[in-house]
Structures are given as C-alpha cells and as structure tokens.
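See the structures that follow.
Below are two complexes that have chain A in common, paired first with chain B and then with chain C.
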Partner chain A sequence: MSAPVAFSLSQTAITCHAFNADRSQVAVCLNSNDVTIFSRAGNDWKVAETLSEHDKLITSIDWAPNSNRIVTASQDRNAYVWQLTPDPQTGKTVWKPTLVLLRINRAATFVRWSPNEDKFAVATGARAIAICSYDAENNWWVSRHLKKPLRSTVLSIDWHPNNVLLASGSADMKARVFSAYIKDVDSKPAPTVWGERLPFNTVCGEYASPAGGWVHAVGFSPSGDVLAFASHDSSISIVYPAGPVVYTIKLNYLPLVTLTWTSEDGLVAAGHDCQPLVFSGSEGGWQAVGTLDDTTANKGQGGARSGFGGASPVGKLNSAAFHTFRSADSRGVGGAPGSPTAGSGSKDTELLTVHQNTITSIRPYQGHPGAVTKVSTTGVDGQLVIWDVNAVAGLTARMSSLRT
Partner chain B sequence: MDREFRKIDIDAYDEDVLLETELYEPYPYDPATALDQAKQRAAAVRSSLAKGDVPGALGNILDEAPYGPNVEDAKTLTLQTLVTILNSTKSTDIPGVVKSLSQDRQDTLMKYLYKGMGMPGWGDLSGSVLLGWHEKLTEAAGIGCIVRTMTDRKTV
Partner chain C sequence: MSHTVDIPQSLKDSLRKFRFARRNAGHAALVVKVNKQKLIMEEVEQFDDISPEDLAEELPENSPRYVLLSYELKHSDGRKSFPLVLINWAPTSSEIGLLTLHASAFLDFQSTADVSKVIDIRDGAEGLTKDIIDAKLMGK
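Coming up: the complex of A and B.
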C-alpha cells in the first residue's frame, strides 16, 4: 500500500498522456496543438522536447513500447507517426513526423497502436475508424476504413491481444467489436470467443449502453475474452460474448470516461468524479469494490506532491472559479483568475480527491498485462498521478467523507 | 446579409442521417394497448394505495413505463397516477420507500420527477412534493441517477 504520487505538470488541462517503455519520459498534450515530452529528473518532470506539426488540438497520443514510435491524432483531421531519426545537419537525433493518409473529413479523436505495433487504429468523428498500416514504397501510412455500422463519432478504441480484433465505443451509444484484419500485415488469426472467420470489417459484437449514454471508454481484458465499456449514463458494463452475458453496474456518481484492465478479474476506471474507481468480478458477476483515492487520508503532507507549485487551484471545477470571483468581489482578495496564486489558501474550494478536476486518461504504468501494479492518470487539472492498484479504499468511507 | 441559409435543414440532404429513433429500442406496444395497460395499472395502484402499500403501488407504475413519441395518452395517465402516489405519501415515509425501490425503478421515478418539474401547475402537481421526493431520491440513488435521467432518450 503506497500513497498516490502526484505531479503538477501544467496549469492547463492535459488532454491525454503516454509513457515510453521504461517510463523515463511521458508525452502529453497540454490542451494545445503540440505534444510536450517530459523527462523524469529525480522526483520531478522537465520539459525535454516539443513536437509541433498539428494545427489543431491533439486529442490522443500513443507511444509504442518496442518500436519507440509515437502516434498522435488531432482535430485537424491528421495523424502523424513520430520516429527518432538523426538530423542530417546537426547529427542530433530528433523526432521526425511521417504523414498518415487518413482520408477523413472530421476530427481524429483517439489513436492506439496494435499490440504488434505494425498497425494502428484512429477513431474519428467521420463515423469511421481508420486502420493504418505502413506502405514502405511511398514512406507513408495508408488507411482502410471501418465504417458499417458506425452511426456517429467514435470516442475510444482498444486492441485485442491477437492484433486483429478492435473494440470501439461511440456517440451512437454502442460499443462494438470489429475485425481489423489486414491481409498484408496479419497472419490468419486463431479462432476466439468473438468469432472464427474474421475478414475486414466483420462485426463480432454490438452492445448498447443501458440508459442511452455515449460510450466513452472500451477495453479488452488481458486475455481478450471479456470486454468492458463505460458510458455517459454513469454505468460500466462487462460483456462475456459467449452467452452473451452483460453485467451492468449503475453508479451513484458522475460518469466514467476512461478505463484500463489491471488483471483478468479487475479494472480501474475514472472520469468526472475525479477519482479512480476499482471494479472486480468474474463470469459470475461484477461489482464496484472501492476507490484508489482514499479521501479520508491526510493529503498534502510529506513529499507526495511535487512539480510546479504543488496543488494548483487552477483548472478546478466551477465552484472554485465562482468562489475566486466572489472573494475578489466582496473582500478584494485573490489575483486575476488563472494566475497561480488565485484562491490559494481557500481550503473550502479544494476537492477532497487528489485530482481537482475530471480525469481524462488512465493507463497502465507498472507491471505487465494481466498483472498491472500501478496505473497513471492525467486530468483537466494538469496533474499526472501514479496510483498503486492494490491500495483500494472502501467505498463507504469515501461516501461519508464526500458529504462533508 | 442573407441569413436564410442558417435555417436550411441540412439533415434532409444527408442520405445517412442518424435518426432519433435509431438511438433506442422502440416502445413495443401500440398507443391503444399502451393506454389500456396504463388504465389497468392506475386501477392496481388505487387498490394498493387503499391498502396503504406505497412501495407496491410505485413498483406497479414504474415497471415498463411507456416511453417514446407515439404514446402521449398513456404517458400522461401514468404521470397522473404517479402524482397521486407521490401526493398521498407521508413525507416521513419517503426515505424508506425510495430505498426499497430497485435501481431501475429509482431511475424511472427520477425521470417522472423531472417531467413533473417541467410542467408546473399541471393537474394536482405540487412543486414542494416533487422537490421533497427529489431530495430523498438523490440521497438514496446518488447523482448517477440524475445523470441517467438526463442521458436516457427513452423519455417517459
């Protein structure tokens, strides 16, 4: 049991993050058109590099651990694959972008490398998922589109460990499992619980969110035999395709927007409630078991927090901004909204959770698929937090503390 | 400056437009059957209420509540029946009743509370009664219940 470690990377929101293989660097998008790569320096993170090529907000980043390539997706309808290459003039190694021919007319919303890192999938607002593979002849990435039966923007995707199947969650309130089999890249996949013959664009499963919410997050279990999806109706569903049996947990809290499996019988999900919730179960049933954010523990002591200015009040939920303005109005205290000192010391506006605003991305940090021991989260409050998966606090303690 | 173009229904030119009806399963019964069912339920609710069985009455009305665009009569009658239950429950009984409901029933009840609050002055609706139920229901079912009311396209 160790306490979460929080780093305040920026005063702006972090839209997404991805670590490299040895976790010495992290690529984040600080709510801008650039990717910022931070390098670990002791107990702190220093800006190492900025990758500029996109001209609209970057929506998703993925860093392939073995081939050390970064792929980025943006609202400018483009994706780039970044690779470390020696610069011909200076000889220094720099990140060089390669264009991806996405052929879409709406924003790219989400991107993930396949497990073998020989292709990647880009979710888009054009009712399509682009499956991209490398064309050595032209030195670019070409894409094939998964279209049917997507009816709206795709918000998240996840690869099956067999490198062929792909799960998607979209704003038409459905989670789906597709085949993304590409003849030139993949060898013929072994039959799975999702199906036996899998030509491109086979729909292996379609599951609606229970009370009609956008499906924000999807994830295959480590074996790939189970699918979890979280939707905007504050629920999370776990699908066993054989039955099919779908377990739905309706939460009492705000919706979850991101999830990751930690083992075959457990997953961590987070979202608008600002804290990672732990779920566990098996084919017999699933339940919420607790939170990684023990709000009863005394935070802000010792060296748990570091970074620029510690617990920053900027980017907090609306009540914080409201209180800042009110105190500025009635008592003349507090600087301009957005300045690092605004509202500091006003304990009542600080949330009891570590993250002070929505968590937008959660990813495995330590361990291997099936036995993840630590996960990392980033959120709208500009923080990066590393959590110990086994430090689960009870839900009841949490509820009473939130009422205070 | 010509602003007429803003009023053009661009969906009419989209062959692949996403219709509201594709976002949820259609309500399985036709309007006449739905109204008949609502009438039967209203009768069952009255007999439950006569025995003082509020959870039983609520369970009757909240399961398989009519939804969708074509069953307005059944929806109105169901709301009317539900309002009778809400009005006739003592405020001290509300927390216990709300806690005894299943999660699906809690969600449906929340939908009706919001529907009621959107129709001030309708029938014998009383804002203070609705708010009293809303407070207790939120304590029992959390904000998630409200979120589901907001997102669900199966409007009652």
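Coming up: the complex of A and C.
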C-alpha cells in the first residue's frame, strides 16, 4: 500500500508515454513533433535523447518490451519504427527510424504493438485501422487496412493475447472486435469466444453503450475473453461475448478516456476527473470499487513528489513561499506573499488530486498481464505518476468539485 | 524500347512450352517475378489446373508478379476455348521501387510472351475471381 509517486516531467502536456521493458527509460511526447526519452536517475527522470523525424504532433508511442523497438504515430499521417543500431560513424548506438507507409489521408491517432511484436496496429482518422507487418522479402513494412464498417475516426485499439484479434473504439460511438489475421505472419489461431476461422477484416462483435458517445478507450482482459470500453457518456461497459452480456456502469463523474486491466476481474480507468478509478467484477456483475487517489489523505508535504531537482521532503524547497512562486510561474496565478491575494489565489485552481489536469494515458507499470501491481499515468498537466493498484480509497460523493 | 530487366533464354523457353502445351480442361498458370538484385525475370511456379481463387491465395499480397494464365473459357454457344491471358498482379502495398521496376518491364514481358489480353489486378486477392476474368474476356 504505497503512496503514488509523482514526477513532473514538463510544463507542457504529455500527449502519450511508453516505458521500456525494465522501466529504466520512458519515451514521451511533450505536445510536440519529437519523442523525448527520459532515463531514470535515482529519484528523478533526466532527458536522455530526443528523436526527431515527424512533421506534426506525435499522437501515440508504443515500446515493444522484447524486441526493444519503438513505434510512433503522428498527425502527419506517418508512423516510424525506431530501432537501436550502432551508428557507423561514431560507433554509439542510436535510434534509427524506418518510415512505415500507412497509405492514409488523415492523422494517425493511436498505435500499439501486437503481443508477439511482429505486427502493430495504427488507428487513424481516415476511418481505417492500418495493420502493419514486416515483409522480409522486400525489407520494408507493409500495411493493410481494416475499413468496413468503421464510419469515423478510430480513437483507441487493443490487441487480444492471441495476436490476431483487435478491439477498436471509434468516434462513431461503437466498440468493435476485428480479426487482423495476416497470412504470412500469423499461424491459424485457435478458436476463441469471439469466433473461429477469421479472415482479415471479419467483425467479431460490435457494441455500444446505451447513451452512445465516442468510445475513448478499449481493452481486452488478460485472458482475452472479456472486453471493456469507456465512452463519452461517462460510462464504462464490460462485454462478455458468450451471452452476449454487457454490464454498463454509469458514472456521475466526467468521462473516462483511458483504461487498463490489472487482473481478470479488475481494471483501472482514468479521464477528465484527473484520478484513476478502480472497477472490479466478474460474469455476475461489475461495479466501481474506489479511486487510487486518496484525496482525503494528508499530501501536504508531498513526500513522494519529485521534479524540479529536489526530492527532499524538508528544506527550503518546500516552503509556502516557494510554493506560491512556483504556482505563479506554472499556472499564472498571481499573488506574491505580501499582497492581499496571497495564498487564496493559488488554492483556488489547485485540485486535491495528484494530477492537476486530465489523465490521458494509463499503462501497466509493474507486474505481468493478469497480475498488474502498479500502473503509470500521464496527463495534460505534464506529470507522470506511478500508482499502487492495491491502494484503493473510497469514492467521495461529489468528485467534480475536488477543491478546497 | 529500353530494357530495364533481362529475360533469360530459359524463361523464354518455358513461356513457349506453356503456350503450346495441349489443354483439355482447367486453368493453368505460370508465375514470374522480377529479381531486383540481378535485374532479371525468374519463373517462380507453375500450376496445372488451379482455380482463380486458389491462385489468388498462392500469389503474394505485397509483391508484384506477372502471371501467364491459360484460362478455360466456356462460351455462351457451348464452345470451350483456352485463351492466354497475362495478369499484371501489382498490389498497391508492394514496395514502391519494386512496383516501378515491375511496371517498366511489363511491356517487354508482354511482347516476349506474345499475349494480347492483359488484366491489371492492383487491389490484391479481392480482384482475382472467376467472375472478373470471365467479364474481362467476354467483354473483349
């Protein structure tokens, strides 16, 4: 039961993040055209490298743990696969990009490696999902499109453990499960609850929440037999395809935009309410269990907070004056210590949650699929926070007014 | 005409043999690829009695090929003829350099094989079906 560990990586929003296999490095996009790789230096993260190749905002990054390759997708309609290769001139290992021709005419919004890391799927604004695989004969990445029946931008995708099925959440308010079987890359998959004998672009299921709304996030459970999706009507739905049975949990809170499963009967989701919520259930039913952000606990001294160089809980860097100047600098909130608006100015807009703005991405940090013990989140406030999945606190009645 | 890709004599002999082989029933196919490193054309495979759908399964999804097809055509008046058709198998997901090389050498290959009927299939396995070939041949 440990407290969340927060790192302030930048003043700008973090668009997306991806850790490497041993969590010693994290690749993030700081709302720009470049990927910044941070390396763990003790209690802090230091910039190790910047990868520049894209012409527009990078919307999604994924780091393959076994093959150590990074794939980035951007609004410039391209995706790059980065590989560590020794530079011929200097001899150091550098990240070398390989362009992947997605053949789309709109931005790429989301990208994920498949479980075997031989394919990756790119969700695009071109009403298609590009499944990319490596063609050894021609030495380049080839993409095939999943088109029917997508009617709008695809916002999120998740792979099934069998490397063939793919779940997608789209702005046409539907969550779907597709077969992304590529002839020379995949062997015929065993039958699952989603179907058998699945050629490319077969739709195994199409689901929507009762009130509709864009489907922001989708996720398969660790076994792949259950699908969860979060939509903009502030609901989260869990689908058991055998029935099909769909459990929809309607929340009184702001919509969730990202989710990840922690075990076969538990998942964590986060969104515009700036805190991760825990849900748990089984075939019999699902309910919200609590939040990972214990807003009632005394977080004043911020013992786990880091960033800005200092990690010590005591000392001159944590005085009230420093805090006032820091919030004046980062949030433009006025009020020097002597002025009449001191103190109250900064407290007005500061949230009680660890994240000060929407959480845009939540990913498993520690543990293996099926028994995740820690998750990492990044958000619009530029913070990277690592949460202990078991430190669940009760949900307060009115979460949207989390201020003093 | 400038020659980008050479056609070896062995391939020309194979083409002649294929053309004059006596056919009684079924479709036969000869698949040729361009070797980008050596800049020559090579015979990949030959199929005796294969359906168009099976042929689509056999052809690579991301690589261009020339396919010389001896097609069993059933005319409306009951006759059976076996015209030679050249299929330009060029899926758009192929590597662009190879696709351009394939396109540049196509006319050369067509004149060497001496075939007048050509079918372009650019969208992969969906474009190679019995109905499509029948429509193209009857339409001529």
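Throughout what follows, the second predicted complex is superposed on the first by the 355 of 404 C-alpha atoms of A that agree within 3 Å, B and C clash if a C-alpha of one lies under 4 Å from a C-alpha of the other, contacts with A are read in each partner's own complex, and residues count from 1 in each chain.
Criterion: a residue touches a chain if its C-beta (ideal position, glycine included) is under 8 Å from a C-beta of that chain, and two chains touch if they have at least 3 such contacts.
Source: prediction; values computed, not measured.
Chemist: Contact-wise, after the overlay, does A:S187 reach chain B, chain C, both or neither (first, second, both, neither)?
Modeler: So A:S187 meets neither chain B nor chain C here.
Chemist: Give one of first, second, both or neither to describe whether A:R151 is in contact with chain B, with chain C, with both, or with none.
Modeler: first
Chemist: A:G212 in the overlay: touching chain B, chain C, both, or neither? Say first, second, both or neither.
Modeler: A:G212 contacts chain B only, not chain C.
Chemist: Taking the superposition on A as described, I'd like to know which of chain B and chain C A:T90 touches: first, second, both or neither.
Modeler: A:T90 contacts neither chain B nor chain C.
Chemist: Let me test your reading of the model: by the given contact rule, A:L254 touches which partner, first (chain B), second (chain C), both or neither?
Modeler: After superposition on chain A, A:L254 lies in contact with chain B alone.
Chemist: In the three-chain superposition, say which chain, chain B or chain C, touches more residues of chain A.
Modeler: Residues of chain A touched, chain B against chain C: more for B.
Chemist: Taking the two structures together, which residues of chain A meet both chain B and chain C?
Modeler: Shared contact residues on chain A: none.
Chemist: Show which residues of chain C lie in contact with chain A when the two form their complex.
Modeler: Touching chain A: residues 60-63, 92-96, 98 of chain C.
Chemist: Provide the residue numbers of chain A that touch chain C in the complex, in ascending order.
Modeler: 101, 103, 135, 137-140, 142-144, 183-184
Chemist: Provide the residue numbers of chain B that touch chain A in the complex, in ascending order.
Modeler: Touch list, chain B to chain A: 16, 18, 22-25, 103, 107, 141-145, 147-148, 151-154.
Chemist: In the complex, go through chain A and note every residue touching chain B.
Modeler: The contact residues of chain A facing chain B are 127, 151-152, 172-173, 208, 211-214, 232-235, 250-255.
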